[in-house]
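Comments concern the structure below.
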Amino acid sequence: MAATLTAAARRSSASLTSLLLKRHASTLKVGVIGAGRIGRVHLETLAGVPGVQPVILSDVVEPVLKEVTAQYGVPNYTLDGDEVINHPDVQAVWICSPSQFHADQIKKCAKAGKHVFCEKPIATDLNGTIEAIKVADEAGIKLMTAFQRRFDPSFARLHKAIAEGSVGEPISAILQSRDPSPPPFSYVKGGGGLFKDMAIHDLDIARWLMGARGKNDVVQVYATGHCFIDPEIKQLEKSNPSEAIDTAFIQLTFENGGNVTINVCRRATYGYDQRVEFFGKEGTLMHDNLYPNNVHLWNGQSTGRIDLPHNFFMSRYAEAYKNETIAFCQTLQEGKAPSPSGHDGKMALVLAMACDKSFKEKRPVK
Amino acid sequence: MAATLTAAARRSSASLTSLLLKRHASTLKVGVIGAGRIGRVHLETLAGVPGVQPVILSDVVEPVLKEVTAQYGVPNYTLDGDEVINHPDVQAVWICSPSQFHADQIKKCAKAGKHVFCEKPIATDLNGTIEAIKVADEAGIKLMTAFQRRFDPSFARLHKAIAEGSVGEPISAILQSRDPSPPPFSYVKGGGGLFKDMAIHDLDIARWLMGARGKNDVVQVYATGHCFIDPEIKQLEKSNPSEAIDTAFIQLTFENGGNVTINVCRRATYGYDQRVEFFGKEGTLMHDNLYPNNVHLWNGQSTGRIDLPHNFFMSRYAEAYKNETIAFCQTLQEGKAPSPSGHDGKMALVLAMACDKSFKEKRPVK
Amino acid sequence: MAATLTAAARRSSASLTSLLLKRHASTLKVGVIGAGRIGRVHLETLAGVPGVQPVILSDVVEPVLKEVTAQYGVPNYTLDGDEVINHPDVQAVWICSPSQFHADQIKKCAKAGKHVFCEKPIATDLNGTIEAIKVADEAGIKLMTAFQRRFDPSFARLHKAIAEGSVGEPISAILQSRDPSPPPFSYVKGGGGLFKDMAIHDLDIARWLMGARGKNDVVQVYATGHCFIDPEIKQLEKSNPSEAIDTAFIQLTFENGGNVTINVCRRATYGYDQRVEFFGKEGTLMHDNLYPNNVHLWNGQSTGRIDLPHNFFMSRYAEAYKNETIAFCQTLQEGKAPSPSGHDGKMALVLAMACDKSFKEKRPVK
Amino acid sequence: MAATLTAAARRSSASLTSLLLKRHASTLKVGVIGAGRIGRVHLETLAGVPGVQPVILSDVVEPVLKEVTAQYGVPNYTLDGDEVINHPDVQAVWICSPSQFHADQIKKCAKAGKHVFCEKPIATDLNGTIEAIKVADEAGIKLMTAFQRRFDPSFARLHKAIAEGSVGEPISAILQSRDPSPPPFSYVKGGGGLFKDMAIHDLDIARWLMGARGKNDVVQVYATGHCFIDPEIKQLEKSNPSEAIDTAFIQLTFENGGNVTINVCRRATYGYDQRVEFFGKEGTLMHDNLYPNNVHLWNGQSTGRIDLPHNFFMSRYAEAYKNETIAFCQTLQEGKAPSPSGHDGKMALVLAMACDKSFKEKRPVK
């Protein structure tokens, strides 16, 4: 169905992404492990991209699995993720299972010769991450880490502008990254702490932007933090100090002497706060929050937008989720290297761990 | 496939529309006449909406017809639009053929008991419009006029805010509506003139917004115009003065004493210029242009957005086109009255003709 | 005191006006008639401009007169405006008395050979205006009409940009001009109506902007209006229909085919609403409202500015009032023609009267 | 001249400051040391504030001294700053001499019982600063440090909003502070380095904002920096590393766990870059750059403001300079404590020195 990817191109042009799918000779057949929220998001995209066909879906909750399978017209379903990996038609697997299964499933995919789109994290610890990447590399499969922000039209445009030199040599950036409200205590406890479970996205973006003009990676991390929002989590200080804070301030020093400041917080009263300011020798690039519409209201109380920013990542990054899945399909069809790669996923984890260390030891960490 | 419309709802949530599709017991089967640009846009939406199935497509250009049919997996195609209308499975027809065929196709749909989603205009003259609506009404079919702007997330939010009273009684509005560049002479000549071919969308929006709080229609029109951009069209002055201008200024007076000013122009150097400012007793609502991203660039030359606004209606109103087709599907599934109706289509044409008359006779027209 | 005007230049640089005062050999001695609100505004500027010295002030309210005289260190005061005009040291007179005295005082100044800065209007009727201008012209005195908006840094920048051709040939403009709240009934009754007492400033700005690139004056006026805000004034309909409306919509047609729409209203809930959008063949210029600071507040209710726009003309146009008085001083010191001239004052009145006529006769007026 | 301060109040209302001067029974007589750029700015304000009278001015450059004296009508002038201090009528002295004379002149003022408005710094080293403050305190004179930013209408509004609790408990702030272009090498060499000569203003603002709701001072400083803009200064690395950088990144940790990030740079291509973003538990406050007008231009190249931000501190902070001098006059007339005090001046220096140390020792400093 050579012509069909044009449709996806047009669809994505609607969302103003620069991704342009080319025509290909054969349909790409894929499987999805996990029919939860993020699994359904990827499945919907996969079902709508001409030239791609989801052939099997798995989940451990049977009623949900059946409903979602029917909804998207997927021909097969299974309670066992391994059957997705080993289905003979499947060329690539979208791993959307709980984090603890990721590394093992990647290794099984590698063994079966199936390419992998893996929701973050690759593994729950560094050794597992390194090993999974090594196995994937040795098997020659493509492994993409799902940092969807890189595929947001505005983040992508910002990166492109830096890469093209519109503000010259990178000097510094400020990343504001705040959730609309803190997660339940049960999520925080044992979740790995603020750096690993929240700042990891920002650490990836920091590396990606500062390195857009050429190699320029992080050489030092300094992190502080505090509990401002949710006093309940203070009791976690003894088990894991990084879980006992809901607000952190990170300073990354780069090879070229540049600096990125990351401010993360579990709450911003006005919604999901995701902004970047990038300063180069020749100018500044800004990326502000996104709103559900562009209507402004002026009355006796205030003059401003009629609505608050998007209230969380599922609506804020709706386009990004589509674009990242389309991008991996394109990567496979065109035989290119995936980006963000497994290495990028590993590096974000390494930086999050360095933040943990810096925070605990109260000093800059190289 | 009761569950499937939920997917469309989620998809549209990405575009922040308020359209929420409900679950329904049976699939809606539809046909599309015309595989040109706008036909393909609607077909793509129809192909992606769970619970809806395009079963036949027609076009007079066979190679295009075959390619598009394959691309979207439509089971049948034909060179004859009447076969779409009369296909036994088809419950509703999307009329995307050239304007001169619309009225006749609507009447055939009415006779066949098929609902109609009709690209504007309903007919090329007022009598034809009135007759087509009459036939559709008598046959009891639903007829929707495709004024897609009403389904744009920002226009829709503006209307909702007015309807909810956030700025009180409507007093006035300014509509700026400008194309990025003038069409070729061949399009202008015989096209019916600036009021009918361009301002008609704005005339619909003006009525819709000023009437959002309750009945409040236009009672008087005053229009002036001039040729500023393309001197070539001046030669059309004798055949049709409204074709010899590329810029017009329209004042609409409403029942409640309110006023709408419409400024249309065939060119705006910065892109597709589509803005509304609505003033009520208690405040002002504004709707600014849309941009492909929200990145700003500050350098030694300027501080502003890195990119210009959307460059034309296909990208500017991409969401609106999706939403209007989803909305008509929903209308059919829920047995509601379509909006904008055939009457709305007729009224916009009546106003455009009144503008023509006012412009030619140089006086306000009731 | 040759050096001293440099100080005024520096002061105005604070407000970023382009007015640059040159050094002059002698002090300019001036008188002020009227120590009311606007008289004090001009007196304060005059007292602070190096190279200019206010030598006498008059008012009919003795305690106010004495206090203001002392406050600004003016050496003389009088209850009789004629003594200001005839004071032997006075070279120019600022007429800030009630409107009905303006024409007579201008003529006395002309007779005495004193230049005149006259608050609007020159006279309360057209004949009186024409005569006062004629007398001034014949006497060879300079007469400036106080349309302060032309001296606002943003209006002045807009005009400069048009004059320099940054948006090409003028096509159209929208002027939004709204007071924060309606005046008392006693002010409206007998005040001359909405066009003469309120729109007159906008009519001047419309002529000034559309003519910035070369001669291009108004050739036709069409005005409608309605009472939306204050029902009490409806009783004035029989005596003067223009006094019985608080909202008007004016369309001006210019020689070049261009159009200006003026929307005036006695109330805008968010403050003093003074905006311009100017559209030319090559682009658009906008001038938004001014705010007392540039602080924005984002919280759970809204994201926007922390404060509303300036709440009325005294604060909104504070810089403009300073700049217009400095400009007239400069005009006198440099022997240039005053702008806006008496003719500009007359033309604004002529247009306001044409609006009256158009509104009453419900038709465009040439 | 009891009534006269009302005029200053009105004048400052033009600039939208909240400073309201009250009426006082007697004129305040002041002297000014230094007729350079900043001395003239303060003199102009002093000359225009009713109720205040500059009686003597000194400078070492006689022709400039004479011209400025004449320009502002100051009755006396002298080449010797001590004569200003000891003039019998002088109640307060504005010290606008070169930095190395400040401490000595403060002490002389203290001895003579004259209040002091002192341009920064109080002294060129910490000991000198501590001693000058001690002498002033013991003499009971009022000593104000001239951090003018606190008197900028937008900075002041931001502080007021924080103090009033509009965003709740302070969590963090970002201060962007960049000059339009680097100073000459001769200024940098021996100037004390980036922290002392440039960041000192920002360090004061950081303390002021984070402490607006109650005591909350800095407990730790961490600073890094790099030379990005002007390679010539790298040669200063051996003599003073802080002089060999033109870009710095400072993290301040506060008593309450909060954080302020300060980004300073010697160059921003788009002008003088002075912005604040303040994040509290309940919301965010922003303060953007100021522009010379509010005109926007949309054309085929871009959509944004027609002009760049103010190009440096003299125009950006013109209102602030006026307001700080008026504020100190008011402090004296009302017998209040000056703010920012000598202590504030000292604390900013202490923090700048801590930045120096942190930068040199590459570690956080308490």
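So that you can tell them apart, the chains are marked A, B, C and D in the order they are listed, and the count of residues begins at 1 in each.
Assume contacts are C-beta pairs under 8 Å (C-beta built on N, C-alpha and C of every residue); 3 or more make two chains touch, one makes a residue touch a chain.
Keep in mind that this is a model prediction, so the values were computed, not measured.
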item: Result of counting contacting C-beta pairs for A-C and B-C, higher pair; value: B-C
item: Per Cα centroids, the chain farthest from chain A; value: C
item: For chain A paired with chain B, centre-to-centre distance based on mean C-alpha positions, whole Å; value: 37
item: CA centroid of chain B to CA centroid of chain C, Å; value: 44
item: For chain A paired with chain C, centre-to-centre distance based on mean C-alpha positions, whole Å; value: 57
item: Overlap residues in chain D, where contacts from two or more other chains coincide; value: 269-270, 282-284, 296, 298-300
item: Chain C residues within the chain A interface of the complex; value: 269-270, 296, 298-305, 308-309
item: Chain C residues touching chain B - in the complex, by the definition given at the top; value: 169, 171-172, 174, 176, 222, 224, 226-229, 247, 249, 251, 253, 256-259, 261, 263, 265, 267-270, 273, 277, 279, 281-284, 362-364
item: Chain A to chain B touching residues, read off their complex; value: 1, 3-4, 6-7, 10-11, 13-16, 40, 44, 48, 50, 67, 70-72, 153-154, 156-158, 161, 166-167, 282-290, 292-300, 306-307, 315, 318-319, 322
